[in-house]
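Two complexes come next, and they have one chain in common, chain A, joined by chain B in the first and chain C in the second.
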Partner chain A sequence: MSSQLQALLSEPLLLGLIWSIFALGVFISFRILSIADMSVEGVFPFAAVLAIWALKAGWNPFLALLLAIGAGMAAGALNGVMGRYLKINPLLAGIILMTALFSLTVVVSNGNISLEDGATTLFTPFEDLFSGISSVYWKNFCGDLLLLALVTMVLFVFVYWFFGTEIGAAIRASGKNEQLARAEGLNVHVYILLGLAISSGLVACAGALYGMRQSFATINLGKGTLIIGLATIFLGEIALPKMSFKAHLLSILIGGYLYWLIMSALELLPNYNANYRYLIQALFITLVMLVPTFKKNVVGLFRKGKEVSHA
Partner chain B sequence: MLDVKNLVKTFHLDGDSTSENDRKALKNVSLTIHDHDFIAVIGGNGSGKTTLLNIIAGSVKPDEGSLVLDGEDITKKPEWKRARFISRVFQDPLVGSIGDMTLEENLSLAARRGKSHGLRWYIGGEERKSYLAMLRPLGLNLENRLNQRMKSFSGGERQSITLLMASFGHPKLMLLDEHTAALDPKTAAKVMSLTATLVRENDVPTLMITHNMKDAIKYGNRLIMMKEGEIVYEAEGEKKAHLKIEDLIGLFEEVPE
Partner chain C sequence: MKTKAFVLPIAMLAIAALAGCNSGSSTDVKIGILQLVSAAPLNAVNDNFQSTILASDWAKTHTPVFTVQDPQLDEATMATMATNLVANSSLVLGIATGASQALKSAASKAGSSIPILFSAVTDPVGANLVTTTTAAPGGNVSGCSDMGPVDESMQLINAHFSALKKTVAVIYNTGESNSVQQITIAKASLGDLGWSVLDRAVASETEITTSLNTIPDEVKMLYFPTDNMCASNASAIAKFAKERKMFVCCGDSSLVSADDALFSLGVDYASLGIQVAKMALEVLNGKKTVGELPVGFATNFPLVVNERAAKDWGVALPASLIAAADEVISNEQPTSSASV
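And now, the complex of A and B:
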């Protein structure tokens, strides 16, 4: 099997899972709280760097993951304080936080930070489970897939459960209709802050897993990540339209896989130039966002009298 | 009983307290709302009636004056804390419920108004049954639509549901802010008669702003007319019941500027 084909078969699955966790965080801020939270671009690399730093300092990999998640949740809470209590425009609050986190990331990583070859990460024990497989590549793939599938499942089930509880419903209400939420006795500030903390905690979890898997991290990891998260959400919504909350969450997983399948396939094109990566991402999300409009206006013409409903 | 005393509110449109663009929304408004009152408030645009309602709800802070609800001074209580005692129906049917949440989720939100929220799963079977029992008298055939999102309901349906939500939990005061103004006349009349039924059956003290003079005369035991930030006319009981629209229009034009 050529290494390119090997990568095309395996990488989208693994990256799709990691970025689904990231997109789940973005889903909470963007779809539930109606905030385009730029701070994720700072939280993601910060969490990656922090997790690697903790591993190098001899921490248990699981604790390193928890440290990164905790830091992410603190950042999300701070974002909430800035947006709600200090009344800074939420988009700006996210950008300010992102900028501040860039410095913290550089301080912790000293520019870039990497693990020594063979260092133990959260992935190692899972990869060792498959030591019977002769190909190192596929052994690692199976281990990584198992760990990521487990983590993803736990987090998605948690989010499904949590947003079905009274507190979760209060967060949803606060994000969708602040005026009514207050009139129904909800302390909107607190609920939005809590929602942002959970959102950034998920983003940090994805960052830590991503960092551990590739064994190094730099500040550049965060660039363009919000776009990836949004594209994942939109792709999922196209693949699974008109959905319940459960299906909406499921669609993020589908979106994550599709996004990385498409991106990996593009990289196989003969003239692919990595310098154009961000441009490609930007064009791609623009196209994806045009799909619903296209469906409504163009496809609608062919279905005379049958309004394409988005209600 | 809510005692509204000497409310004053000026909006500084330029953010500057000495500006000529200041708008005095309330000049000196006092009002006592008794336990069985259903008060209709009328007045033109800029008369201060919405500001009065917003101050009572807590979404606008007064410059001066106080609000005392059953002996407790609530002037400084934030809106979300007042929600335990005061419920509200907005003019815009889209604001009064959450379009992206289902009918039963919206009802649950109102059923928990002012109560603490925990990690219990949001809606249980018993709760669902109780909602069915409450929806049936509305006669809108909503019982099979508990799991539909609110945005799939019509304006009249949404406003009726919002009214039902506002009547939950024995509020000490219900505020209706021109809640039929966005509806077509036929639907508005239906929602108005539902309002009267809910107010009567739940015995909720109610303050209702309306532009419809006929409704203001027909419904409630008291009528208040506001103009330029002041209460300029009040009628009660028999006197109110015998008012005519022409009387009100006459009064409205008579009151000195």
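And now, the complex of A and C:
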């Protein structure tokens, strides 16, 4: 296999896993809580630089990850406080938080923070497990894949389990139909706040893993990340049309791989101009969002005679 | 429904396979370039790097195939670009700090010892690209630093603008470690020379205009270092300076040639591109490995003065400064021949 094809097929798998954790966070805020949470663009780079900062300060890599997740959860909770208790429009609250986190990211990183060669990260012990493999590429790939698969599995199982519990169900109810949830006697504010904290905690976990894996991070890392998360969710929904909550979670993993496969393949096209990338992403997401409307209005017209429309 | 789910991945794999198969003839040598963002100084490095390689003797027997990727500051996508470039090239060049770090990170993950050259990186040791700049770095990474003569620039301001009220306003992006480092040097040397500094640090492009507007009228000297954000907003800074009739000194002479600043004792990014291309040719010719090439520093710091812009802005540059200049851009000269 040429190194080109090898990189094209294996790298999206690892990136896909990291970004599916990110997309899982976005999924919770966007699909479960019905909030377009912009603060992820601040939480992701902040978690990345915080994790690298902690590693540089001599922290245990696992504690560095926990620190980043904790900071992310705190940011999510703050987002909830701003949106629910201070009555700031949720979209605006996210933007304010994103802006504030940008400054904190600059303060922690001074713009650009990097690890020394061979510094120990969370990935190192896993990569060392495969030291028997002679190719460094595959050694690192297997180690990274094992760690990321473990973390992703734990988080996805946790989310699946958690949203099946009483508290989780209350969060889902609060996000889907606030009036009804309130009528049921639920404290909607607290549940939305908790949901946002979990969402941002997942985003921070992805940020910390991303930062550790590439061993540096700059303040530009957050740019355009929300759209990556949304694209991942939508791609997954196309590939695996949703049936159950479980299938929906699974589709995020597929979406993560597909997104990075498409992006890597696009970059390899001759004359591909990166200036158009955001436009391509925006067009793509708009198209995907139009699919249900298209099915209902256009496809429905042709089927009218054959079957009874359920619309 | 079931079949539909498979169409997309298969289509993507087809594209992938197609992309994987476009290998060229045997004399082709693939050179990957990762440029952080389109900005005049970085473009100058890129253009001159490519043209120097194309004009070399080496290119008579080999066909360099350049692949340029520009993530437009988007770090998340930069990672896949770096991975692709490292996998598909015989040599890669990173332009600016983040891009160079991404290439190094991608190569180290892939266990690839591909030669990596960096350019337009102010502090390669601080960025963990190399461990030393005084000796051969070893490993597979080396390149050229764009550290400019900041201290000398401040002495220049002191020598020729003593009539001003001894205050220099500085504007830079706090998010660029290279800028912060240069401003620290500038503040120290201005302090030694008895000048005060008005710090107008910004964290985003939108702040530039508002931050500039808070500079008091009596401050007539503005300095900005080799800062990517300032470079891409240089014409906005120039517009403000023109309204205020301020002198603008910057760290990058190509901005002076573009009428966006009045004078610069700074890095000539065009020659920086040539310098790093020469390092690349040493490697391509098989004379040396990257690790044997010590990190280069810009050595050519011409004093470029733009008389034409000064006239346009309605400010009078001191005659002593013009006399000291290595290159004066004036009305009589067309723009094209001004930059050497």
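Operating definition for what follows: the second predicted complex is superposed on the first by the 274 of 311 C-alpha atoms of A that agree within 3 Å, B and C clash if a C-alpha of one lies under 4 Å from a C-alpha of the other, contacts with A are read in each partner's own complex, and residues count from 1 in each chain.
Definition applied: a contact is a pair of C-beta atoms (placed from the backbone, for glycine too) under 8 Å apart; a residue touches a chain by one contact, two chains touch by 3 or more.
Fair warning: this is a prediction, and the values are worked out from it, not measured in the lab.
Contacts of A:L240 after superposition: chain C is touched, whereas chain B is not reached. Once the two complexes are overlaid on the shared chain, A:T293 sits clear of chain B and of chain C alike.
Of the two partner chains placed around the shared chain by superposition, chain B is the only one that A:V188 touches, whereas chain C remains out of contact.
In the overlay built on the shared chain, the residue A:A170 is in contact with chain B alone; chain C does not reach it.
Looking at the shared chain after the overlay, A:S264 reaches chain C, while chain B stays out of its contact range. Measured by the number of chain A residues touched, the leading partner among chain B and chain C is C.
No residue of chain A contacts both chain B in one complex and chain C in the other.
Taken in their complex, chain A has these residues touching chain C: 2-9, 11-12, 15, 102-103, 106, 110-112, 114-117, 135-137, 139-140, 144, 213-221, 223-225, 228, 235, 238-241, 258, 260-265, 267-270, 274-275, 277. Those residues of chain C that touch chain A in the shared complex are 1, 5, 8-9, 12-13, 15-17, 19-20, 22-23, 69-77, 79-81, 83-84, 86-88, 97-98, 101-102, 105-106, 108-112, 127-128, 131, 139, 173-177, 179-180, 203-204. Those residues of chain A lying in contact with chain B across their complex are 162, 164-170, 172-173, 176-177, 179-188, 311.
Touching chain A in their complex are the following residues of chain B: 57, 59, 79-81, 83-84, 87-88, 90, 95-101, 105, 108-110, 112-115, 117-122, 149, 151-152.
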